[in-house]
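Heads up, there are several structures right after this.
The two complexes that follow have subunit A in common; it is paired with subunit B in the first and with subunit C in the second.
Showing the complex of A and B:
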């Protein structure tokens, strides 16, 4: 609802809703893929949805963090995915009956990491970018000593769930779309969400308006940790086991989908649908480059260039303060 | 090369406006060689603007400046350096991450080559020794490690250092504001000594005693104009206070609002100062003015009250919720990406919920009701807040604070840059709200606004030094309390 009100007063074509561009981009690459590169149109769409689920999940957390304002970013997401997936697999121990406990353990792990990040930022006054980066080293070290030689297969029911479909659509995608809708409501229709948006625009003003800025920052880092942990546990089910480096690609992509989706890097303006556009676009382009024979290194270069371009284009639209 | 007039600097017809505000209008000022000019005036009288023009940091709209007989339309920072004009600004200008010596080098491009740190260090240490004998500042100390008073000493000493060229004029803007009595006296004695060697000096101070004791000439500014100029013998303390306030002693009886007796009302805010300051008490329904020179701790006091209402503090007790009206809109008030309605409603979010979620209709209802009360002029409250004029943005901030259920409203000089029509409307609303039992703590730099207060506390250096009530709330009364010299306090 707020997306409409934000863009209602703008008629200029440059001022189409930002998130539309990511969907248009995804659509274009998709069409290119099956017309020129000869991919199966439907198969590619389903694959894109299945993989986007994980990017969107961590992207949601990252979006809330980035919306808190300049300097706020969670770089510990990859490490959290790695550790939480290991914890989940160990607790589940391959048994279907322990799936819920495993998910719960992973969530607790993510919540603790988020709280730890906030403590570093708040008590030690470390900039978030440094705090989350250094905590990710700590998490990684814990993960290495904890999960050394961990070779536990995920419970069959968990794997089945991550691959299951409803009317041809991955169930996990449906669930994540529902999660996105909840996130959107939280963002625009709760005091917490309003506080995130207000803090991102002007932290001093948010304090003087009587909002609980610090509690909100804590909740946001905790939310990001919890979503990363959930993503880790599900990803382990999806890919047949956990590995510490499993989350590596999500460092870049969690930030990329937020930016591509039209969330302001300067904070204060967030966009949930755009996350899906960004995630689909990233997956499509990476598949296209893959079929065109580009190596993974070059694909990363390309992703980086796209992010820089997106920030450069959207950056000029920010009102000057 | 110096003109034989004995005039160091002559300003003629200098004017400067900021938007609609005329900070300087047609100022003519003559600073003689080897003299100290004392410059006094209330906040916003234009003193600092005038000094910025001389230092080259502000360009005058009109007027000419003659330095040593040479005419200049405007002075650039570079030219000011070349002409030997130095300025010690009120807001200290040393780079905190550099050492004392490195900061000195910034002013002296001629110091270069190997060992420049030592050369600059020697220069500044020698000057510090001359002005403040017995100081304990090492030239290799990083400035951020120095106390505010020592920083000011370095800043002053730096202004008097000479490496090449001449030193013609040093402007000291509130130089003693963070110095203790002994160092302040050392500085003022040094100024007298330096003046005898032919250097000119402009001394800006709110300590009228300093001005009367150490100047040769005195200028008084009010509302951007020079209202008096002459040798020091023509002035007394009382005359200066009178001149600054324009001799106005408005008739308090003419005020529409009668003086209310609220001595029995319950206490809304109580603050006890740790030091020698007076205690602060605000009762339910009172409008309390926080007066004094700007930047003397009024805003900090409001912030302290604000925090005390949210988390218990030992020194401040607040009965009920508080809300805050920011004066510095851009820094403390506005959410620039939001609509007017969102900006108004953000203060009352808990009351706008239906269950867990915020209700759009309640939000619209609240913001349109208060938009109407405050008379916000906008086609629609869904328009962006930045589409409003400054005055209307300020009204939106008032609407945000008043639409809450808060018992106490804190106002941080909220009428900055607001036109007179809006002001009068808001004054009425404040009076109405106070009659309804709300307490207002109102920091203002405008005397006229104190007329709307039941009682006034005067701040100096973060402490409350005076309390005025009823008939005593006059411009002269406030200036009298805030110009108490350090020795007297």
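Showing the complex of A and C:
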């Protein structure tokens, strides 16, 4: 009762779409940073787009997982990025002709990891947090022993592709926007996507309604693994080679963009455009701290505080578990 | 179903659940024995005063971090910042404690306050602890880098003495582990407010109805967690006698794994301090044990160093699988 009246009185602000806030935040920080720097507004925007691509890519997978409901989160994303990038670089072997095979190998690797994660969740009936955590331990070890001494440069064509622009906009960003649109359609218009939402709202009800909840969960973890792997392969092309720690920052950012973008952490409600807002916001923050001349320590301190503050302000008002 | 059937069913459930609880409670201890037996099989000399001292050298900081994680888990939350926090504490301890102990104590006290504040934010704003603590992990890591841009510092005398103390017969790490497990068990499992604290994870509504403040209980649990995090960081400096901002990043995952092996659940406030300490010891031993195992088909007959992390993951999975088997067998 009181909740209803409360939300009614808040309706005027809440009428705005949730994802708008993350974009407004990004815009604000962007304006602030190029005012401080006194130049480079366009450069910042292009850089933000190029870097957000990777965050959004893993964010999409994480969003589907989180939407599955309380406790669902994929902690194996950083390890997957590290391993898949090493696999991709090894298969491509620096040759342009092998790029597609390398991407394919990375995807297979991601799909296998996703399947393994689901297997652990299903067979051991453990919370996805522990399942993906323990598999990330194993993936890390596989990555270290597989990628030992691995210093293969990415094929020139792959690097060129990750840096190419169309009318000034990074091609990769355009592709990822297209990917986001597809993801949005999948989420809201297909049986699979609807099942993800229904499962997140009430898993038992979804099951009783005859939806194939288990298949959907499997597909979702596979999707998350595949997207992380794709991100790893492209990231290796973008940054001139693979490294195992490459995925490290994506643990926080994949979850943060999902939450900042207005997806419910309690599951059952997802928001694709918000991912972009969240990713741009995160990048703009680090740019702002850079232009303000902060060292890496202070930058981390402020990033942490700003993320916590932003999340506390957005507040989900729904129980996590 | 008739009422009688319900009653007898409930009685059966109770009996089987208590047996199950016993089995599950024994699981950490059993795995400890198995790991010790395996080490003994491959290298009997390792199971000695000095061998255990060496192998369990780093187990005490890990055990303390695991207890910290367990405190947070008892309130149905998760602390993904504990590793970075332990690193921060280590940097403060190694940098300021020898010369300016007051400043160091103030900074560590500030750490406790931040933890309490985090609990307030998580509870009042109803935001996921995973995200808040992930954000805080940046905060701690950043502070640690500011305090110690390059590795170094020195352990305060009392910590070095404590960690290198050699009591007769029982190795120091074993003694400390027993002490930690016993103390936390008394605080959380035997005291009346401990029951309230755990109740927050078990049935928050019931605790609330009984007139206890959930917010206060959560803040208390987070404060307790930070205290154990501080102890973890200080003992870590005592062992390694210098600090580095990234020295404890692995502790986040280790502490969760240790608590889970020790029988903690993510929901329901079900925790076990003794189990958690054993879990930490098991993980530590399992990774040292890898150095002893002889595998004929591998080059050099040894398991490579890089598989240490993987072994911990597999260990976690094995123990969880054993847990599932136990509850299946009981049905």
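By definition in this document, the second predicted complex is superposed on the first by the 279 of 321 C-alpha atoms of A that agree within 3 Å, B and C clash if a C-alpha of one lies under 4 Å from a C-alpha of the other, contacts with A are read in each partner's own complex, and residues count from 1 in each chain.
We take it that a residue touches a chain if its C-beta (ideal position, glycine included) is under 8 Å from a C-beta of that chain, and two chains touch if they have at least 3 such contacts.
Computed from a predicted model, the values in this text were never measured in an experiment.
With both structures placed on the common chain, the touch criterion links A:137 to subunit C but leaves subunit B unconnected. In the superposed model, A:190 makes contact with subunit B only, not with subunit C. In the superposition on chain A, contact of A:304 is made with subunit C only, not with subunit B. Of the two partner chains, neither subunit B nor subunit C is touched by A:180. By the document's definition of touching, of the two partners only subunit C reaches A:129; subunit B does not.
Residue contacts after overlaying the shared chain place A:268 against subunit B, while subunit C stays out of touching range. In the superposition on chain A, contact is made by A:145 with subunit C only, not with subunit B.
Set against each other, subunit B and subunit C differ in how many residues of subunit A they touch, and the higher count belongs to C.
Contact with neither subunit B nor subunit C is seen for A:67 once the two complexes are overlaid on the shared chain. When the two complexes are laid over each other on chain A, subunit A has residues 319, 321 in contact with both subunit B and subunit C.
Touching subunit A in their complex are the following residues of subunit C: 76, 78, 118, 121, 125-132, 134-146, 149, 253, 256-257, 260, 266-267, 304, 306-314, 316-317, 320-321, 323-324. Subunit A contributes residues 1, 5-6, 8-9, 185, 189-191, 194, 197-198, 201-202, 204-206, 208-211, 264, 268-269, 319, 321 to its touches with subunit B in the complex. Those residues of subunit B that touch subunit A in the complex are listed here as 306, 310, 321, 323-324, 326, 330-339, 346-347, 349-350, 353, 356-358, 360, 382-384, 386, 400, 404. Across the interface of their complex, subunit C is touched by residues 71, 73, 120, 123-127, 129-130, 133-138, 140-142, 144-145, 148, 251-252, 255-256, 259, 265, 295-305, 307-308, 311-312, 314-321 of subunit A.
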